[in-house]
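Listed next: structures, encoded as structure tokens.
One chain, subunit A, appears in both complexes that follow, with subunit B as partner in the first and subunit C in the second.
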Partner chain A sequence: MARRAAAGLLRRLGPLAGELQARGMSPTHYGTTNHGFSRFYLLQVAHIQRNPAYSVLNSDDVSYFKIVLGESSVVQDEDRVAVANVDWMGKYKGSSQLLLLPKSTTEVSKILSYCNSRRLAVVPQGGNTGLVGGSVPVHDEVIISLGGMNNIISFDNVNGILTCEAGCVLENLSSFVENKGFIMPLDLGAKGSCHIGGNISTNAGGLRFIRYGSLHGNVLGLEVVLADGTVLDMLTTLRKDNTGYDLKHLFIGSEGSLGVVTKAAILTPAKLPSTNVAFLSCNDYMSCQKLLLAAKRNLGEIVSAFEFMDRHCIDLAMKYLEGVQNPLPASPYSFYVLIETTGSDESYDKAKLEAFLLRSMEDGLVADGVIAQDISQASNFWRVREGISEASVKVGAVYKYDLSIPVEKLYDIVEEIRSRVGGMGEVLGYGHLGDGNLHLNIVSNKYSDKILAQIEPFVYEWTSNQRGSISAEHGLGLMKAEKIHYSKSSEAVQLMGSIKNPYCSWKRSYGAELIEPSLWLVPIQRRL
Partner chain B sequence: MKILVAVKRVVDYAVKVRVRPDLTGVETANVKMSMNPFCEIAVEEALRLREAGAAAEVVAATIGPAQSADTLRTALAMGADRAVHVLHNPDPARPLLPLAVAKILRAVALRENPGLVILGKQAIDDDCNQTGQMLAGLLNWPQGTFASKVILDKEKAIVEREVDGGIETICLDLPAVITTDLRLNQPRYATLPNIMKAKSKVIKKVTPEDLNVDIRSDMEVVQVTEPPKRKAGVILSSVDDLLDKLKNEAHVL
Partner chain C sequence: MARRAAAGLLRRLGPLAGELQARGMSPTHYGTTNHGFSRFYLLQVAHIQRNPAYSVLNSDDVSYFKIVLGESSVVQDEDRVAVANVDWMGKYKGSSQLLLLPKSTTEVSKILSYCNSRRLAVVPQGGNTGLVGGSVPVHDEVIISLGGMNNIISFDNVNGILTCEAGCVLENLSSFVENKGFIMPLDLGAKGSCHIGGNISTNAGGLRFIRYGSLHGNVLGLEVVLADGTVLDMLTTLRKDNTGYDLKHLFIGSEGSLGVVTKAAILTPAKLPSTNVAFLSCNDYMSCQKLLLAAKRNLGEIVSAFEFMDRHCIDLAMKYLEGVQNPLPASPYSFYVLIETTGSDESYDKAKLEAFLLRSMEDGLVADGVIAQDISQASNFWRVREGISEASVKVGAVYKYDLSIPVEKLYDIVEEIRSRVGGMGEVLGYGHLGDGNLHLNIVSNKYSDKILAQIEPFVYEWTSNQRGSISAEHGLGLMKAEKIHYSKSSEAVQLMGSIKNPYCSWKRSYGAELIEPSLWLVPIQRRL
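Moving on to the complex of A and B:
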């Protein structure tokens, strides 16, 4: 798992053609080859030219925001703005001068309406825990943080439907609904910081995906503010509603390219009383796959997580995480698997899990394993898995890839990259095996073009050849915006462009020569 | 030598405890129950002593309803050799108090005849911290409470205790009673091979009557209530406001 793209909400759409020409590309061969435009690592974003079509912030703008939001919600203090300008990995950094903290949908609407008329670029921000540079400005965009919109609006006890504002922190929502006997349908390592609005805008996956599915299934309603300030009220709490297009789905996972999510209604599953966690080791990747299949067959109704990590991940976690104990210290194994079951009957579930694991051990699928006897042991197992991302950042530089690949091929790319990178870095493979989602991390002391050249574009081309996705759950952000064509056909990208265009009304009056409707690319919306 | 370890099934350490609506106790229905963390440390210490060759057998004992067998299975899966389950169905209004528990454990100890009894220093549900001391008193054995280090040396046990200002080292003649503190060790996990082995280990069931122990208590729980809720804080806008509050509301200046 990883700190998930949680924050990248909306960026206003911007002109595109100028961008492409500035880089010497013509839109026509977009979507066919890689353009080598991949070096925006580590604060190297400045070479993305600021689009002159956007205005520069002036003191009148600031005065206007102060009238609309009040003094305390308009932040110009350098230190506070500096924090919002950089992502948590320290990889992407903007130079915004202004941070706005709206407290209501009306305020968000006023901000966007004003920015639209003034042609000021904005970047919405949630918990700023994203991994692809989608939550921070590229240049001097106005940052709209939704942290001030953190009220829970209502909870339907019978149906388990939570309605809340976008700036609610996931962990707070989790403890709120748990007190009512329900759980959030998603859980991820960044839960203590990430906002639900960011989760929705990036369609965050996470640890409960295998059981409860994606946010496309769990979000029942949304309130969204469009780029021109229009408030789109789709905040219904109905399970079934077949009246016309289900527009909310466009906003789930669109990374803010179509609007700012301000409120959401979410279906929360009932909290089940019995959770069991096992931490296992396997001798080879084939055993992990067989174990997954066996778990689906034998534990199907109670499996709530099936995570895998290779030996390198465990070594790194033990080295860099404080107070973490290796659950299987006896001897090093090649692969480790964490299985969690959630059900309604403690003794039944435990007996079922134990019987399954003992059988798997006899069949040779599992080399060794431990079953948590209490919640703190279970948390320790999870801490190893969830701490990998945190540990990898401590090494210095980390190149993160979040790929969807057919399960049987999933580990091949890790081995390929390992041989390409050689001694220059450590290659980690882990992820949500049950979802066919690999997190491929390459860690090294510092960022270097030499390492990057060994990884990109190879990793994208390889994934594309397997008909995989280059972004399973992190989103495109700034990091992978240019890479969309590895996973989507040019026709699909074109259609996205035509969906996006009408949402940005000012462009129509501003001149057709600035509009490039054939692309749907997040960073380009933010490009100034 | 044999080591007897007492283990207790309690509401899991990580569960947020709720008081029952009738105020007779805390809610245990549909709540995750686990081995008391200090008892886990006691089991671990006994196993380490056995592995170091200082003991030949580790026997786990518990007192409680049928489900308490799960806790014994955990002890067996960690590596205990066998277990004794003293069956007792709890009555919320008349909980089993430390004196009754100590009397039962004394009876078990007299039957098993161990060289050492190890208990957790307290259970996290009632926080009594009395059973080990009472057991030592009833058996008339020496006691080493709050142990942070245990060394067995033939007929003696050397116990280090974390006390105010340093470490106290005491030497006990065996047989003795030791209660464990948090830093004594880090308990191991139950591995699959050991869970498998534990399934064939013996849990002997007895009742307090079998042991001729009178567990009637002369104490009654009147009421269990939640601590008062903390009032929400306020955010002040200036230092002057803070000074004003400290002077005129809190009266600390």
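Moving on to the complex of A and C:
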């Protein structure tokens, strides 16, 4: 019966072309802050003491910055600084009194050089959309916002190589390259606010990872300013360059702790004319896994997204998101999968996806399904998936985890946590199944130590036992800086410390401190 | 007329399936050495003095190694050590007296720990197929061959993740994963001899780069032994892991100078059932460029190789390679292009390639062309392309350059060099056009300072002026260690030095020396 119903729902998709990329038109939903639950988290980080080795900002410092940057780029206004002191979820809050807005690499270099010689702690800030407290001050660090450096420098039409400043908003870059016939290799919910420099510094993953891989593969070159103000020009636009160590990889994902990314050259794939989106349901997690394997085999080169979410996610999305419809309202299923394909042949790609879905139904992998027949339907499918995070926050309290786990075991932890939390909260499992990346959210009306005690350290220990990662794509930030040992060996952590050490010559006398991850795995200089 | 002739030649390809991967069945053609022209190059490196800070091997050292590794893994036999002292082209020759054959990571660790404490210089060696003198001793370094560590550890059938020891031969890994329905993400001419550990240490590029990208994207995890014997376990099999610095990237492409790769986890793409190969000719380089752009747009997701070669390459291949036929013998053309597609639908992919070629002929981009109609034809096409390097060596003397240059300018340097060399030699331009990677070979009957003076430093200066790379995929090795400044800024080189520094604690007292690239950009410890 499911098969019949599903076959009836398989409708042809209208001429979507690349316009689907505009699905993220959803406004800057990362732009607001919610101070309602900041107290809880602030308690968590309260034990971190300010390192007395840092100087305290004085009026001479401010005068110097005004000379170098001009009055309007040196912000002391309380309200404006307050916004930059807190992350978008209101979880982490610093007490900085100065926000600097450099407009060029030279200005960033002058700021860092000065702060280095004065031993003033700094924190670089992009779109401030991070989820782990990596982009806001812990204490009174000087905030360096890259928002004023938002120019596109060049675009190579033949090879699809974009060179731009770090403060460009991802969505703006997307629009720019799409007009040239290319797409950005990454796409994520925060695209309306996040900066490409922040994406690179946190090695953002997102929705296109399954097709285009990580930023380690897509970033061709970087310009970075080191803590002492040295400008490191690695802004090559070459596909291949085996001359010495490929240093750019150190800055991709190191969360600003080794330097400030100021410019980037990015390889953008050609925009292909045909995009299709299917929204499916499965009766159990094993079927989701088998469907993924079948999609890799049979859709192969055209798969561009394979996302999954459990029933609890759909229920929450329907309850809290305005104007979103359940694509499969007939009856509730245990799991839902969103598959997107992107290819160069409209009619062929559609036929291929339809044939794949019908076969998957015959094989019993898919219980029900629908293919978007116009842009509005496709946007709605994506809105369900992308809105889960937004819906979670609306419940009141949300404990967010971002785990990499072998696909076979990926849903086990959701069930374990569900059983541990019991009636105290709702447990949601969703994420980028194609990449083995689970987003685990536990939502409740308010924060409670009792719930947290059921989650941590269990979730980290369990993930570590599976040789998984406690941060697949969100980074460590302040939230997980001290948790690094769950995913990295002590030898590796020690080596990271020894790499950070030489970057800033005056730091060497403090070398011993640097190998403690809680000290060095935070943005440049702070808490040294 | 060309269009008619070409259309006639467009033949359907027989059921190639994945068997085309077996095209590299060409025997281990990197296995022999040619001592005929070693004298010339040995003169070039003769100015490098042995650093007296290193100890000289004594009988106690040898006894220690025999206890740790067993008698049979400690090779002093002159003939066997001689083979490991020289690279496959006979260009670079060391004077080591000891070859060690560890069988486990623990043994590698014990060797390095001992050598570190005794200050014995070492050089790690894989398949010894490199082209830049990176895998053989310069002086009397102890050679550590990874050839005895050639076990496949595991294969994850669901996610296509191969975990193996560093000494596995690439072709053996290819056969293994193909039997499981996957392919290796890299393929290169030396596959019959080269080791995966060497591929990773040199960030080998090769023929599948255009489709699957670099090893920075495909290597998921590594196990590495540092110079002091510390075993660094980064052998994760996760697609995503953002916990701290992604250290594995430091070891990918650093040519053994930061540690010895002992194990690797590699993401292998699904083997797709349909492969097609076309061999085409173009009248000018501009047409090759336009054809590349058109292929990216119209073949999009199924392009798996886009190689080019000039007429001089074809002439040489026909003259020196046995049993190879010119796929387009009717008349000589200026340029030839090999396009391979790999996809999941036999009949559709073929029709797509044929339609693309016919359109390209109508547009005047392609002068003539043929699609392989069976495996033998396809192998022949590939043999022409892959045999150019082999044919070059047979002329007598060959000056090899491996450059990354923006595609628009890529052939300019070939013409410049051709005009400078004049009648003294034949200049060949070929390579991975889809990646902007030119292989520039100048062949002559014998080596001559006069020819070299026409090439160097001009070729490096010219490449540097285009912001290109003087080593796209071959690495620096001994040949180009001192040339790094042509492609990297002095700040970057200095930073590389500061990263190498902390790896080996006893080196710190020699820190000042380490930032000279000629000293540190060679395998571990040697010439310190």
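Details
Keep this in mind: the second predicted complex is superposed on the first by the 469 of 528 C-alpha atoms of A that agree within 3 Å, B and C clash if a C-alpha of one lies under 4 Å from a C-alpha of the other, contacts with A are read in each partner's own complex, and residues count from 1 in each chain.
In this text, contacts are C-beta pairs under 8 Å (C-beta built on N, C-alpha and C of every residue); 3 or more make two chains touch, one makes a residue touch a chain.
The shown structure was predicted, so the numbers you read here are calculated from the model rather than taken from an experiment.
Comparing subunit C and subunit B on the residues of subunit A they touch gives the larger count to C. By the touch criterion defined above, A:G205 lies against subunit C but remains apart from subunit B after alignment on the C-alpha atoms of chain A.
After overlaying the two complexes on the shared chain, residue contacts for A:S347 are found with subunit B alone; subunit C is out of touch.
After overlaying the two complexes on the shared chain, residue contacts for A:D449 are found with neither subunit B nor subunit C. When the shared chain is aligned, subunit C comes close enough to touch A:I252, but subunit B does not.
Of the two partner chains placed by superposition, A:D363 touches none, neither subunit B nor subunit C. Looking at the shared chain after the overlay, A:H474 reaches subunit C, while subunit B stays out of its contact range.
Overlap of the subunit B and subunit C interfaces on subunit A: none, as no residue is touched by both.
The residues of subunit B lying in touch with subunit A in their complex are 12-15, 30-32, 34-35, 37, 40, 67, 70, 74, 77-78, 186, 189-193, 195-196.
On subunit C, the positions that touch subunit A within their shared complex are 156, 158-159, 181, 202-203, 205, 209, 213-214, 216-217, 226, 230-234, 236-247, 249-250, 252-254, 258, 270, 272, 289, 293, 296-302, 342-345, 348, 352, 404, 406-408, 435-437, 467-476, 480, 483-484, 486-489, 491-493, 495-496, 498-499, 501-503, 517, 521.
Those residues of subunit A lying in contact with subunit B across their complex are 273-275, 279-280, 325, 327-328, 346-347, 354, 357-358, 361, 366, 368-377, 379.
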